[in-house]
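Per-chain numbering from 1; labels A, B and C assigned in written order.
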Amino acid sequence: MVVIQSIDTARQIQESTQIPSEAVAIWWLGQASFVLKTTSTTILIDPFLNPMEGRVIPPPFTAEQCPPIDLILYTHEHIDHLDIPTLETLARHRSQPRVIAPSPIMDQLLKAGVQPEQLQGVQPDEEIITGTNKILPVPALHGLSFPPVTYSFGQEISDGQYRYLGYIVEMNGIRIYHPGDTLVFAGLVEKLQPLNIDLALLPINGRSYFREQQNLVGNMDEREAADLAAAAGFKAVIPTHYEMFAGNTGRPGFFVDYIRAHHPELTCYLPSHGRRLIYMK
Amino acid sequence: MVVIQSIDTARQIQESTQIPSEAVAIWWLGQASFVLKTTSTTILIDPFLNPMEGRVIPPPFTAEQCPPIDLILYTHEHIDHLDIPTLETLARHRSQPRVIAPSPIMDQLLKAGVQPEQLQGVQPDEEIITGTNKILPVPALHGLSFPPVTYSFGQEISDGQYRYLGYIVEMNGIRIYHPGDTLVFAGLVEKLQPLNIDLALLPINGRSYFREQQNLVGNMDEREAADLAAAAGFKAVIPTHYEMFAGNTGRPGFFVDYIRAHHPELTCYLPSHGRRLIYMK
Amino acid sequence: MVVIQSIDTARQIQESTQIPSEAVAIWWLGQASFVLKTTSTTILIDPFLNPMEGRVIPPPFTAEQCPPIDLILYTHEHIDHLDIPTLETLARHRSQPRVIAPSPIMDQLLKAGVQPEQLQGVQPDEEIITGTNKILPVPALHGLSFPPVTYSFGQEISDGQYRYLGYIVEMNGIRIYHPGDTLVFAGLVEKLQPLNIDLALLPINGRSYFREQQNLVGNMDEREAADLAAAAGFKAVIPTHYEMFAGNTGRPGFFVDYIRAHHPELTCYLPSHGRRLIYMK
């Protein structure tokens, strides 16, 4: 297991009070897990803080050490996104975070201890405005958590509702796209392109028949992520979801080389885990 | 030739007046050429704006379009670093930039039209303080511009003076290391490590017997650049000097993969040419 | 440690009696260690069969299991090339192999138990003819086995003799170049090009300041090996010396990519350890 040199991330998140007024501070916690913070708001996406067996890289802090947060976004129910032990702790956090998740998985969150008044189930295009921030849910084409792997929006097991989501988070006028786990699908470019997204946090682990045989549902791969970014006009990208499990990795080097060769107008960030990154337009 | 979608970089540099007070705005102009800007100062390093034949990527703006600058730093005399046609224009720029260069090449700058009162020749460790900024020249181990390629500090053809330099630029308390063109050499880690460098702009094109036969003097390669960053404790890195000439490239993808495998505590930025990047600690 | 599924390599080498009369059978034993066999002769180069700590890949067979051999070639004295424990066993092998090595290291071989009548010290261009086979020693530019790392032919510590060698082995009219450990140096292309080499077994691990600080003497890298192959007109190449020690690897993927991009006329083989490869013109 790679040991990251001590960066006291939880404390840094809490004490980062000098974030510029037109910036978003970003911490990558590993896999698809991120903290986004402005001077007024701290958002946690898919917090995966459980030091479970099989992780290649430990979480930068535990659920108990989690700094105050205003809002948690969940994209879907898979264990590396909806980490129930972490949620059980965060649901009782003194900062009483609001929680947003796809409507069909609300029961799982309630069971983990989230209070009904904390929780909001959402569907695509149901924009949520909190203070100066906006959260726009978008569909994700992912897969059921039982075999055989099939790709869908999960509607067939969710009374017609979307079960897998991504989010476009607007903070300080900066639009950040967290797609959750998804393939690229018909209509996605068309949906995203008019939204003037600044920064996208894109999975690059791809899909593979052999992983699917192990019930590992796939994502866009390096090339698709880069081509999506270019087609939808994102200005910058952070590759994600490539380093946490030995049998389900992506290749950030190939992502970078492909971008330099085919889409050099894209800026690419590869933050280390737990170290602050400041994004401004 | 890759054509970067229009980012009006020169205008953006000039109009970037909202840089946070604890940040540095950075524009990569290609190869080893950078603009560093704070609320008070604009510094240009190795400006290579000549649209010369053989460039893979055109300059984001011409010398004539160059926004006002306070200071130009030159690391050494090679054509992709000391671009004489660009300097001939910049020397007459209305903003009357100050120019800093290794002492042994001052005559070349004067001949290009730099006025003696604009120009300051420097040697390693001669720290320059301008306003709240500090410039610390450091040695670079590079090579003579005529065959056969040999690596040295250039003292043997410079009356004992260092001919190849790098600079540590401190702006708003942020330390940025631009090594010029250099191999890693004995004593470099020891010199840099105590200086708490935040961000390094590191060449990754390496050296090769076959390039040296064409009189292409080499640099550290991807692995050496990443190992240097880790050994000297840099917090973030931007790979440079890998994309401008077809016969002299580096492999940013390997740089990234090697960092993720061996030094995951390092954050890596790969800015596109001409697009603003904000760096804060 | 990667465990290669059982290929009974030692038995396969011994029983490979149906090698076509115009072919050479080749087994890669890992690092720079090879078996070359024709219907009449078995040659072992730099046999590294010691299951020493730090190996990433175990030897395909032990020195005790080694099949009958006619000739062992040593390129130089470094531990992964002149493996003394292996030699101590092979020197007493029932097949009474002849041993060829650089003259300056003969004392080390005698001390390991090689009988004087078995042993022949050689220098560059002293061609040896055994049956229908020819062995041509060529210089290698490598380094002293003690700090600081400097690159030379070793003459300064060998009474003016070459201490590091490669060999061109001609069997059945096929010329195979094993360079030992070497950088590319002035005159090498010119020496090799007229010799119409068919297949080269080229190290690709490169050199690095940080490895050199640990007294790991470097070699040509991926790019130099590929450019050497093209410049000298080799028809096919096998990359070597990239997989045995975690801190001293090369990147076969980049070697392959570089060849496809720049020298697509070259055929590249990447044999697994211990599995037979048949080379015919």
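Assume a contact is a pair of C-beta atoms (placed from the backbone, for glycine too) under 8 Å apart; a residue touches a chain by one contact, two chains touch by 3 or more.
Nothing here was measured: the structure is a model prediction, and the numbers come from that model.
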* Chain ID, smallest distance between chain and overall C-alpha centroids -> B
* **Fitted rotation between chain A and its twin chain B in degrees, CA, nearest 5** => 180
* Asked: Shared interface numbers for chain B and chain C above half of all numbers used, same, or below, different?
  -> same
* Asked: Taking each chain's centre as the mean position of its Cα atoms, how many Å separate chain A from chain C?
  -> 49
* Per the centroid of Cα atoms for each chain, what is the distance between chain A and chain B, given in Å? -> 35
* **Separation of mean Cα positions, chain C and chain B [Å, integer]** => 41
* Structure fact -> For chain C, residue numbers touching 2 or more other chains are none
* What residues of chain A sit close enough to touch chain B in their complex? -> 2, 4-5, 7, 18, 20, 22-23, 57, 235, 243, 251-257, 259-260, 264-273, 275-281
* What residues on chain B touch chain C, complex-wise? -> 183-185, 206, 208-210, 220-221, 223-224, 227-228, 231, 251, 254
